[in-house]
Amino acid sequence: MIYAEEIIQQRVARELHPGTLVNLGIGLPTGVSRFVSPEWGILFQSENGIVGMGARPPEGMEDEDLADAGGGFVTAVPGSATVDSAFSFGLIRGGHLDATVLGGLEVDEAGRLANWMVPGRMVPGMGGAMDLVTGARRVIVAMQHTAKGRPKIVPVCTLPITSTRRVTMIVTDMAVIEPTDDGLVLRERAPGVSVEAILGATAARLIVPTDIAEMQFLRIAV
Amino acid sequence: MKNAITPEAAADLIPSGAVVMIGGFMGVGSPHRLIDALVAAGRGELTIIANDTARPGFGIGRLISAGLVSRVIASHIGLNPDTQKGMLSGAIAVELVPQGTLAERIRSAGFGLGGVLTKTGLGTLAADGQRIIEIDGEEWLYAPPLAADFALLHADRADYNGNLTYQLTATNFNPLMAMAAKTVICEPREILPVGAIPPDAVDTPGVLVDHLIRRAA
Amino acid sequence: MIYAEEIIQQRVARELHPGTLVNLGIGLPTGVSRFVSPEWGILFQSENGIVGMGARPPEGMEDEDLADAGGGFVTAVPGSATVDSAFSFGLIRGGHLDATVLGGLEVDEAGRLANWMVPGRMVPGMGGAMDLVTGARRVIVAMQHTAKGRPKIVPVCTLPITSTRRVTMIVTDMAVIEPTDDGLVLRERAPGVSVEAILGATAARLIVPTDIAEMQFLRIAV
Amino acid sequence: MKNAITPEAAADLIPSGAVVMIGGFMGVGSPHRLIDALVAAGRGELTIIANDTARPGFGIGRLISAGLVSRVIASHIGLNPDTQKGMLSGAIAVELVPQGTLAERIRSAGFGLGGVLTKTGLGTLAADGQRIIEIDGEEWLYAPPLAADFALLHADRADYNGNLTYQLTATNFNPLMAMAAKTVICEPREILPVGAIPPDAVDTPGVLVDHLIRRAA
């Protein structure tokens, strides 16, 4: 499982553009930052109000006024900036955020993401997710390919969607998939994973080009 | 010049049934002493407008756990099972609003504007029963201004004019709520003499603040 | 003429409430501050971005970053705050400004102010005037009763109005007039000015109660 | 990290016919060296979005006096007779917008919102030809977002991340315009090493800024 998460995180890291602003969702997406070199000059936004969020501080150096969107302690990198909630979402909605990386419960053939509620069971609220999916220049979904063996990439979302917008890319522990006008296109397979295995774990129709490259990773020390 | 009052005296100003905005994000930047005083005062049937309801027994979660809240307008309640339970059982009416829309709705009320036009939530459950306004062939989701009777704020520093400064991610909704409530009560970490905060460092001008809470004894 | 202005300014000063935020328009209204005691704790807003504007600085102590809405150098009082233009008008439009004092070209029987243009001749733009008249809790018009002998208080504004809103009070060198549901009510006359003189200098219909008090002034050293 | 360029190099980026926002209020908080370089470059047919056009020969007034501006969107032109003459003669198309509405229109574009709903201007010439939207029986004047190709800003301090701070009333429209233009060019008084401006002091995060102008030699 940890290996699966690392595959996803490492592959997503490659998608981030040097010198841009990126928002990583709580959970699996947060770990993407482990595979991002400081040299790339990427600034991480946390929607609760910081541009330039850093790693968790060493024990004893936490500050009660500096947390991420999950309420966990973080640090601020040199050259960071703090903003209020309206400004933070101005950055998101106004297209100033190059990419958001979010977890997903389902993605469907139209590239629509569902990640904020399971009716009658789990109603956490959308938090910043709807703004992020609507406003970021690129939306990257980072999730396990299946949940308890059930495909999460489905013909049509059965859960309430987060936005009608088509996400930019889906990165799972099995594959990289790109939603297009024609539907979901399989772009890459994880190391050692066959196209057949991907098709078997996907409920949605996948367009499969002739050559499916294996995911490549950057060599970043963790 | 503003007199600094105790949290208890401030809680006495707030009647049962009041609509109360509370600053903070998962308790970071919330006025914890004010919340404690409000719990102690036992005012019920409160409507709480806030980003979230924190965790059980922490921050706004203390009001929820004490059963004093009948309505919540927030963007996220996922880390407070008590609020979720209250919502599913019907004990607490919960209106979930996308976080950026919530921020703009509060700002809109405080800035004297007529509401918010956003793409966020279009075509989702968040648009259910909401008005869609078409402008030049494009659809926008309309969200009305959101005001309150009281705003309970945290700040890092204040002066006796009521000028406020916030620190790091403890800023969040505090400066927006300072504009949007009839009565604004702020609990700063420290209160400085007038003139000690330079004008460019002030985040919320003191004219917006009605009461400051005294430092802890 | 200077005496006339002082009458207006002194009388307007009495209308300001201690501890509130007040915006004074450029020109005659600016001079109201001369008759306001610092002890009242009134903060003056200048819509270009300061809450707590102070007097003109002594020669040589001007700062190029600190000016009023006319571009003239000012100071900042202790406990002042600076804000951007959106915030400044949030204060105005959001009802956080207790009073605005503005000059006028015309006021009519409906209490509507015209003060931002003379078509074809003077088109300065409305600047902040429309927001101020729409948003301030109280709007006080401070102007000469006549212009070159022509009444400025008229049945219906001939110039483009600044807002449909009824202003709170009109203070001139001759009178204090209050717009009401019934029309313009004469409330006070300037020292030595008769009700007949006021009626003669006013084109609008004035309601004249039996007792018209003489304006009272506070004794503030100038 | 951003390289600091000369005003001339910045002016070279701006073509004739561009839509250009310029910060400042009667020249206070305007990027004067950038304006001078733009005048020297002689780019014409510019649309200028700004609070005002300052005075003849000063700030934005220099662009007007040089005949380089064909369109102005501003709240006030009263202290620049050249702009007024241009407007009355038809040489310059002038759109006058109430100052608070102008600020919100720019913010609206930069914040990804669909426009502004305001009471300001209702029933006046400012509402001519504008859309009125009724909400719960109340009328609001709709004003569309206002974006630009370029924003030319002044700041007090910058760091090489592009983080900006403004000082006193030189703030005005600068932080709003920083959000609302495709290319943002800022002329700070000084440029500090990254890390020298604390996060709470930053008014405009550097991610919004494309180019910094080098300090004067």
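Letters are used for the chains, namely A, B, C and D, taken in the order the chains are written, and counting of residues starts over at 1 for each.
FYI, contacts are C-beta pairs under 8 Å (C-beta built on N, C-alpha and C of every residue); 3 or more make two chains touch, one makes a residue touch a chain.
For clarity, every value in this text was computed on a predicted model and none was experimentally measured.
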Contact distance in steps, from chain A to chain D: 1
B-C against C-D, pair bridged by the larger set of C-beta contacts: C-D
Taking each chain's C-alpha mean as its centre, the one farthest from chain A: C
Between chain C and chain A, distance of the C-alpha-averaged centres to the nearest whole Å: 56
Gap in Å, rounded to a whole number, between the CA centres of chain C and chain B: 35
Euclidean distance of C-alpha centroids - chain B vs chain D, Å: 32
Centre-to-centre distance between chain D and chain C (centres being mean Cα positions), rounded to whole Å: 29
Where chain C touches two or more other chains, by residue: 50, 76, 82-83, 86, 89-90, 92-93, 135
Multi-chain contact sites of chain B, meaning residues that touch two or more partners: 104, 107, 111-113, 118-119, 166-168, 199-200
Pairwise chain contacts, counting only pairs that touch as defined: A-B, A-D, B-C, B-D, C-D
Residue ranges of chain C touching chain D (in the complex, touch as defined): 46-50, 63-71, 76, 82-86, 88-90, 92-93, 117, 120, 122-131, 134-135, 160-164
Residue ranges of chain C in contact with chain B within the complex: 19-21, 41, 43, 50-52, 76, 78-83, 86, 89-96, 135
Sites on chain B touched by chain D in the complex: 104, 111-119, 131, 133, 135, 138, 140, 142, 144, 165-168, 199-201
Residues of chain B that touch chain C when the two form their complex: 1, 107, 109-113, 159-161, 163, 179, 194-195, 197, 199-200, 202, 204-208
Chain C-facing residues of chain D, complex: 25-29, 51-52, 54-55, 74-79, 84, 87-88, 94, 96, 98-104, 107, 118-126, 156, 166-176, 203
